[in-house]
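So the structure is just underneath, and the comments pick up after that.
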């Protein structure tokens, strides 16, 4: 028996109020793979990523983590994923440092947090409450999680929103490094990635979708 | 595994306490609400001690209930808006644990200070001195119930931006037993009767709520965030 | 068992209790009728709206057959 | 579902189409029985039943008040059980039943309160007293309104259904507690000025029309619940072939020949 | 120009009414809150009509105040979060006009229904029948004041970003005259005295508030954009 | 005397708590000009645009609209600007159509609104409340204002956030058309624009900026 892939998505689909959001989708992801999820606005990229976190329950199909249905090994699976959505969960009233400490694994060293923030260009902003950060800086606080997390699978929903070019280059470098270390990345973005070996998957809206 | 669950509890407890500390002004507001409204009542009703005295236990309990209710409203709202609720849901833990952590933090910043400050209102409303100990005991237990039950409603309405007063419709009917036994405890204390009996019932309600509510809250959060 | 009132007037008045009894009765009957009529109207309305929607779809398909959905 | 048990009946029961067609066959009969019982019971109670010795004619309100109150209470459990079945077995039909039961129950609770209040004026001299049962009924009305409000607060039907089912369940756990505590509260304060006529000691001539009215209300409840559920079914299943066929048959509009 | 200002008024009035209509459940909730809390008081105090009667005017007024206060809290919050407050501020109009539109909409969906439903609560709390007309008249005028003054608090709250309930509570002292004259009007009605005098004072307060509050609110809101 | 430019920014600067956000900036914009405001995250692009709306008050320097200080002709000036910020002011509880009607000039015809939404790919979503739209669709509702507005000066803060490639192309076309009709555009974005004649202005953070 061949070894089962890290993540396998088997004809996954999702209905909202009896209305299918996207056509059943199947693919699998190995360690070291990067998959870019493509699709027009409203095609269901975010929905797919949230299905993969199991925050949403699929209407049909399943997701296998190392060969096991994720419903069977939910906590183990969730230890291995890192999800950054459109709203990344930065508390406006906490400082960047407090936010990152809070979002990182409990065992993260304080120095690791400070250096992750510095890497993301937030040196000098560690103690500023997040509500007085600019849009890009706010987003960078959330992205600093990529440097402190130990999860193997990254699920990133438009991570480059509001980030300047330098920042995008740095993030791409981080992602490359994560892949080299045996991680896997699923990323939805409308920009082209400057990473080699990106596999693209298109999410197609279902025929009956729409607001009719 | 169980370690991770505990980490969820203490982690969220600490975070919410820190957040409350950062927003001290807001965290103090249930308290101030309690005090201010207690001053409104004599203005509206009558300033005479003789007329206020029989009302005191009831009014104190109604006001404590409202103060808790109002502060429960935002328990999950900001977490929902900034996406940290989603992160909580997909964390590798029993969802009930962080939920319990958050509710405990809520009680520590509302129910507890409210209990501690209640004697002042007792004095303002001429509560007879025998009522003070029963009042504080019943408030301590009762506000715990209120926080837990209120959190169920807060979870159900979290995705309705500004569910605010809808929440009160959902949970006030569920609060009625607490207020009945709460004010009965104080009244029994004043009348020199055995006030342990109603207090024990409040305790039993609290125990039930601690056992059941976190599960209901977790279920509600999962459900509402999957829309 | 027999009719308790001799005249319509007497039944209306019910020895002074008429206003209470008849408000209760009228409001109740009104609410009960409303409860019964509501689903009937909605039943018809939803069938109609489904029919209208089907007709619209048919028209759309007739005008441009290649466009789907 | 490889287990040995045969669950097909259960799933057929959960099929909206089966429900729609079966109830469609029985509806005319139910209509006839309900209307007949209602008319007979009301006329009998209002015009033919003897007067009460103490309360006089105001007592005739009982023929509405008591049946409506019964159903208002029972309705909450019907709603909550339907919601629970929906949550546990993910059965769409039972959510529809729950959704149909909520406004019905709320309306009946309102009627119980209204008829009671109107009855209170001639008997107690006031529209409202904080009697234990009356207070519980008022709380029940709030519970119903909460379920209703939550149901319609969401844009997504599924979320609304699940959320209100959950609230109904939490309410069910609480109803006995509320009832007991309100009872205890009242006996604690007991103003002892109010006594209700107790039903079993009623004269048979008064009692028989009451029985008819209670039966009529049960039929009425079943009827309206079924009618409401059928509307829900049509709206939820509007994309399916059988509903479209129905609509086509019912359609009298232009260009559909 | 003045046309543009009027457009600002009616535009925001309409929009907020539409929003309230979209969220009917929530718009009805100050009302239900009012009813709910009126049920809590007898549970806490006593079911006897004789004990409730003297409380009725005061309790009704305190509860109306709370219901208005709570619903004012979010008057500008959601506009602030989604950026439409900023759009309102940079619109080519006197800022006071849309503000007045929003406050009017608020009164129409809270103060007015509250006034209309108050007789039910009057009955439940055994308010003597002479008190009904003065109660409704005073509530109609008084809730207008409360909406306006509360909106000042809401604007301050939104602009200072923290404070939530706290700052709107700072407004409560400003509410005190309203509650005093409001319940005095009802009491005068019950006692068969001349209740027009306190009502006239309420009217004068309302007139002053209509003239001054929109300016204060506009000023507070401008602070928001310059943080 | 030569005719004064449409918009003239004269050594504008802004302090927050005695801390200068960016170095004084001067430029002017003529009808038909498009200016891209560049700068790293947190350099002050949003601050500059908000200064131009006069939602923020400049610490020094001024802005002239057709030769007149905007403080002198505030309402006239504001009639001529359209500002889209990071948070574009879409009401989540209203539908796309209601939102747009609300945000457009009072005299906009209902058909114009429907067609603007259709142009932005929201056909069929007119009646859906905005909270059930995807991130990009949500943003598109706000962008539909560009088609209904009659303002001459567009101030756009990262308008392409969350928009797919097709959408970006369409928006660029709209912007080009606006320029051809004698409009002026100031846009801050980290992407490169496919419009000819874009002038770039860099916002430099002041030396004393930062959270120290």
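When the chains are written out, they are named A, B, C, D, E and F in that same order, and each has its own residue count from 1.
To be clear about the criterion, contacts are C-beta pairs under 8 Å (C-beta built on N, C-alpha and C of every residue); 3 or more make two chains touch, one makes a residue touch a chain.
This one's a predicted model, so the numbers in the text were calculated from it and none came from an experiment.
Participant: Could you work out the angle of the rotation that brings the CA atoms of chain A onto the matching CA atoms of chain F, rounded to the nearest 5 degrees?
Facilitator: C-alpha superposition angle, chain A on chain F: 180 degrees.
Participant: Compared with chain D, which chain's mean CA position is the farthest off?
Facilitator: F
Participant: Tell me which has more C-beta contacts between its two chains, B-D or C-D.
Facilitator: C-D
Participant: How many angstrom between the C-alpha centroids of chain C and chain A?
Facilitator: Chain centres of chain A and chain C, defined by C-alpha means, are spaced 52 Å apart.
Participant: How many angstrom lie between the CA centroids of chain B and chain C, rounded to a whole number?
Facilitator: 44
Participant: So how far apart, in whole Å, are chain B and chain E when each is placed at the average of its C-alpha atoms?
Facilitator: The separation of the two C-alpha centroids amounts to 25 Å.
Participant: Could you list which residues of chain D touch at least two other chains?
Facilitator: In chain D, residues 139, 142, 145, 149-150, 153, 155-156, 158, 182, 185 touch at least two other chains, as defined above.
Participant: Give the residues of chain E touching no fewer than two other chains, as numbers and ranges.
Facilitator: Those would be 23, 25-26, 29, 32, 36, 39, 43, 46, 78, 81, 162.
Participant: Which residues of chain C are in contact with two or more other chains?
Facilitator: Residue numbers touching two or more other chains: none in chain C.
Participant: Mind listing the chain E positions that touch chain D in their complex?
Facilitator: Those residues of chain E that touch chain D are 23-26, 28-29, 32, 35-36, 39, 42-43, 46-49, 52, 123-124, 126.
Participant: Show which residues of chain B lie in contact with chain A when the two form their complex.
Facilitator: Answer in residue numbers: 1, 4, 7, 11, 15, 18-19, 22-23, 78, 81-84, 86-87, 89-93, 225-227.
Participant: With touch defined as at the start, can you tell me which chain A residues reach chain B in the complex?
Facilitator: So the residues of chain A in touch with chain B come to 16, 50, 53-57, 74-79, 81, 83, 85-94, 98, 102-103, 106, 129.
Participant: Applying the document's contact rule, which stretches of chain F touch chain D when the two form their complex?
Facilitator: 129, 131-132
Participant: In their shared complex, at which residues does chain A touch chain F?
Facilitator: 39-42, 46, 86, 121, 124-128, 133-137, 140, 158, 161-168, 190-191, 210-212
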